[in-house]
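This structure is in structure tokens; I'll ask about it shortly.
Note that the chains are named A, B and C in the order they appear, and that numbering of residues resets to 1 at the start of each chain.
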Amino acid sequence: MPQKPHKAKEPLFHIAKRDAIVWWKAWGIRIAAILIALVFSGVVSYLLTGENPLRIYAKMLEGAFGTQRRVWGLLQNLAMLLCVSVAVTPAFKMRFWNIGAEGQVLVGGLASAACMILLGDKLPNAVLLIVILAASILAGAVWAVIPAVFRAKWMTNETLFTLMMNYIAIQLVSFFVYKWSVPKGSGQVGVINRATHAGWLPVIGRYDYLLNILIVAAITFIMYVYLKYSKQGYEIAVVGESENTARYIGIPVQKVIIRTMLISGAICGIAGMLLVSGTDHTISRDTAAGRGFTAIMVSWLAKFNPIFMVLTSFLIAFLEKGATEISTAFGLNESFSDIITGIIIFFIIGCEFFIQYTVKFREKEAAK
Amino acid sequence: MIWAGFLQRAIMQGIPLLYGSTGEIITEKSGNLNLGIPGIMYVGGISGVIGAFLYEQNTASVNPVLAVLIPLVCSMLGSLLMGLIYSFLTVSLRANQNVTGLALTTFGVGFGNFFGGSLSKLTGSDIPSISLTATSNCFRTSLPFAEKCGWFGQVFLSHSFLAYAAVIIAVVTSLILSRTRVGLHLRAVGENPATADAAGINVGRYKYFATCIGSVIAGLGGLYYVMDYANGVWSNDGFGDRGWLAIALVIFAVWRPNISIFGSILFGGLYIVHNYIPGLDVSGQELFKMLPYVVTILFLVFISMRRKREAQPPAHLGLPYFREER
Amino acid sequence: MSKAVKQKDAVPAIRLQNITKRFGSVVANDNVSLSVQHGQILSILGENGSGKTTLMNMIAGIYYPDHGQIFVDGKEVVIRSPKDAFQYGIGMIHQHFKLVDVFSATENIVLGLDEKEGFSLKRSAKRIMQISLQYGFDLDPDKKIYEMSVSEKQTVEILKVLYRGADILILDEPTAVLTPQETEKLFAVLRRMRDSGKAIIIITHKLHEVLSLSDQVAVLCKGRYIGTVNTAETNESELTEMMVGKKVSLNIARSEPKDPVDRLVVEGITCRNREGAEMLHDVSFTARSGEILGIAGIAGSGQRELLEAIAGLQHVDGRILYHNPKTGQTDDLRDKTPLQIRELGVRLSFVPEDRLGMGLVGNMDIVDNIMLRSYRKGKGMFLERKNPKSLAEKIIHDLEVVTPSANTPVRRLSGGNVQKVLVGREIAASPTVLMAAYPVRGLDINASFTIYNLLNQQKENGVAVIFVGEDLDVLLELCDRIMVISSGKIAGTVDARTATKEEIGLMMTKNSADHDRAQEGGAEHAAETA
């Protein structure tokens, strides 16, 4: 007599990796996820405000596109977020988890502010701007390359290292903010060179942010080309996919890691400069405003493609603007936008599962 | 005595970090790098505040037991929910842990500040902060004979029950991790899930439970901060970067909650030491505040260069586990 | 012998009857029947791919047979999972250890258990010591796995099985990773376990081990069960004959080498792995132009290290001399990086064993994979994709790669098509030396012949081809010379036109030192030799 097997436990469903999915289906799933998330956020907003959800969406649109000024604000926010997202992308493509963009942006901004304050009255503006650019790039790159060297040489965990570097940067900025604060001891730097505009990025026509936006557009395009068409971009992709293959083919892995992080940090530095010298004309520990972290999500959601990143940063920037408008219109706290952003990101993160895997339910006739 | 006061303050600063790091250690031992801890601590804090606020609004006389119990349960439920979101996304849906964690932090901090801000509006006060003095007083009940015991009482006996609970939880966690079968299995899941799976351990379940329990513990750190440290006054962004500091402490404690107890006092001390250095200006104070992070980085570099196996992060930290079809 | 043991002798501890297992269209096991008694060691002998491991995995609950029955102590059983197997007292020690590095031996051994008497590492350690003592293991239960040698790790795996009360032990090539001294120690333990009444099955392809250890030998060949013989009544040549099977004619075309010259001269290279074990010992040989040099050997005998050393991926001692036909210069390639080798003007192509993990990038498309070798070409910082694209299309066309387009990620291609892309790329670099490791593994007949033809073309073009293979029939028909490697040493080189399968089989399964021993008549403890 054959012994009965203890109940053949066939699970109710099992999960299998999808081979490939047609692009329109993948995007269909993503768009569906965003729509569901928007409905969900609408419900949340309704519960909190008691307002008609349609009015809430209308307010969001109004907040983002209501006036010309708002559109420019949206574009500026989009550009800054995009810049940082593009900056972290080459590192992520290499599977190097650089979550230190916040700090890299801050030190870049700090370098700009330092040049503006210390050299503002010593150099002609054109020279000063070049010095500012160089200093910011250098600062951001140094901040990024320190963890990279340790990772390349000693396999020091880069996620934790870059994370800690953020707070060192924040405290460093705090230190200088108090040093330079106007009036002394106020803890605020105030607008730097308000009178002379020394070290301010020039304004094109009447559009305050146009130059920033153009610079970021250029960086995004260059990064797209760099990653897709340059030899170095190709090396980054190979190292990210398989260090083994990289070695087999003769790519110096350590050198690529360090070089890529230099680039990543340098662009973060530029972002810092655009924020300080191109936008705020001041510095504080909130200058980066969490973009270093949000950028990671933006870059990941865009599958590390700089062109898609325009869309994903638009989505985030739009949500922030829109939700801020809701909160002012309905008397809510401005952090409302973070909640909405969080919810939508949860949905998008979650939907990737359905793009990469299929869930197969148990068939009735289980094989013996 | 200055140093007794310093030590007392250091411990008070350290307790939220201890909660956060104990929670994160449990989570990381299962291989989940939960960068949502800062958000979870905010949620743990604000959930307690909401519970206390609603209770204080709806009762004439504050019953000390309920005043403690309601915020405690609310706080735990809030952080449990956060843990569930993280587990569902990373374990069930296999989402990237870093991205999920950061989104959770964005969400959690926003959640905290939003309700912190909106609740104040409901009270009708202009200042963007909530004051829950009655509840806080219940939370801050400390040992009655502490004051009579001189410096010893001030340093070690003057704290509230949540502070002692933090130490007890850390010690118990330490014992569970090192001395029990559950602890052994949990560590195996974080080190080598394939081996754990082959040994018949349910990897997914361990990850879920570890993450959720870790979240609840971390959330208590937020509650302690509001109710004890901040005297029941919620101020937006008041919790600051303590969540990240808790993650730093995990590294410094080499993933051992018992070391975390002393580490938390050290970090707490480093966090406030600038107040005790004579002649330091404000900017110098800011410089001092980076000490915990500098120490952590030096330590991280040190352990990676020394390559001592026991001091490394769990080998499968941050990586998803998916048993391929046989 | 005690009564109990005798009684058990009546029914086999485990018996397999007409077991058949298919993977798709491949028959891994065809109607295999076997049995082992308590107090007996059975060797399962067969070449790579003969279906030994598949068969054992069915007993261990990893696979489920398509047909046939398994009996434990005379009763038919159904084994669906490793847990089921344990319930019947069956424990398997796999080739790849499943251990947690930072845990101690004890912690690994009790992992996943749920003992009734509660959790106490101290008590468990004590029990482990008792078991160790009983069978003569030498293990510190508190030692961490990462501090252990391979043989200690293996001991932990065996103890894991014994601790769970296994009566039937299956060991999958346990000696592949051990030194001769360690092997002898292991055998002593296994004999002691046999004497205490355990049934032991050991998978191997080393003849001298079979002869020195087992009571019976079951031979598999290409998934088919050839037969079981008593060890006492057999000898090496009979076993070899059973194992390699009849010569099969494949009709692979083979031309005469045209004026071969020495291209690659390897002199006395020695290499150690990370654990410090010697993977190659004093290996010397010459690869000539216009010739295919076959390398035969049991998997894991050092073939991988040898090819990687030449490709610049492995540190070795010795010399690897390359005679450059263009410049007439001779360069030493030892300890040069792949890039430095390329910069020397050495045109070396390498088809590695691990196709998607090393040779190609699974998530990249065919064009980008083709570009791996050539992307540095051309000035400037930008990639030039036009030539790789037309090359990719040429390879797809010439080698009949089945793919939707040249922009399909290679991960989505079938095994044969992946290999065509890889070989096609390596050949397109117009090499002077072409190394291919198991290039037809997992490929169907048509794809295999495509690869053979490509290698032959290269040979006719004057390339020095090094072919690492596992199928002796193929090696004998394709190659000009066959070098046999055994335990990291060269056991000899034969002329492929005159050599026989048995001859090569014998060289593969015993190393040169064994020969001396065997001649002295000391076959029983041959394993002791270094």
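We adopt the following convention: a residue touches a chain if its C-beta (ideal position, glycine included) is under 8 Å from a C-beta of that chain, and two chains touch if they have at least 3 such contacts.
These numbers were taken from a predicted model, which means no experiment stands behind them.
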item: Reaching chain B from chain A through chains that touch each other, fewest steps; value: 1
item: Middle chain, criterion being Cα centroid separation; value: A
item: Between A-C and B-C, the pair with more C-beta contacts; value: A-C
item: From chain C, the most remote chain by mean C-alpha position; value: B
item: Computed distance of Cα centres, chain B from chain A, in Å; value: 26
item: Euclidean distance of C-alpha centroids - chain A vs chain C, Å; value: 47
item: In the complex with chain A, residue positions of chain B that touch it; value: 33, 35, 85, 88-89, 93-96, 98-100, 102-118, 121, 236, 241, 244-245, 247-248, 251, 281-287, 289-290, 293-294, 296-297, 300-301, 304-305, 313, 317-318, 322, 325
item: Contact footprint of chain B on chain A as seen in their complex; value: 14-17, 48, 97, 99, 150, 154-157, 159-161, 163-168, 170-172, 174-179, 185, 187, 290, 293-294, 296-297, 300-301, 331-339, 341-343, 345-346, 349-350, 352-353, 356-357
item: Partner chain C, residues of chain A touching it in the complex; value: 1-6, 8, 19-20, 229-234, 237-238, 241-242, 244-245, 247-250, 252
item: Of chain C, residues touching chain A in the complex; value: 69, 75-80, 84, 311-313, 337-339, 341-342, 350, 352, 354, 357-364, 368, 371-373, 375-376, 381-383, 385, 409, 412
item: Partner chain C, residues of chain B touching it in the complex; value: 179-181, 184-185, 187-188, 191-192, 194-196, 198-201, 309-310, 312, 315, 326
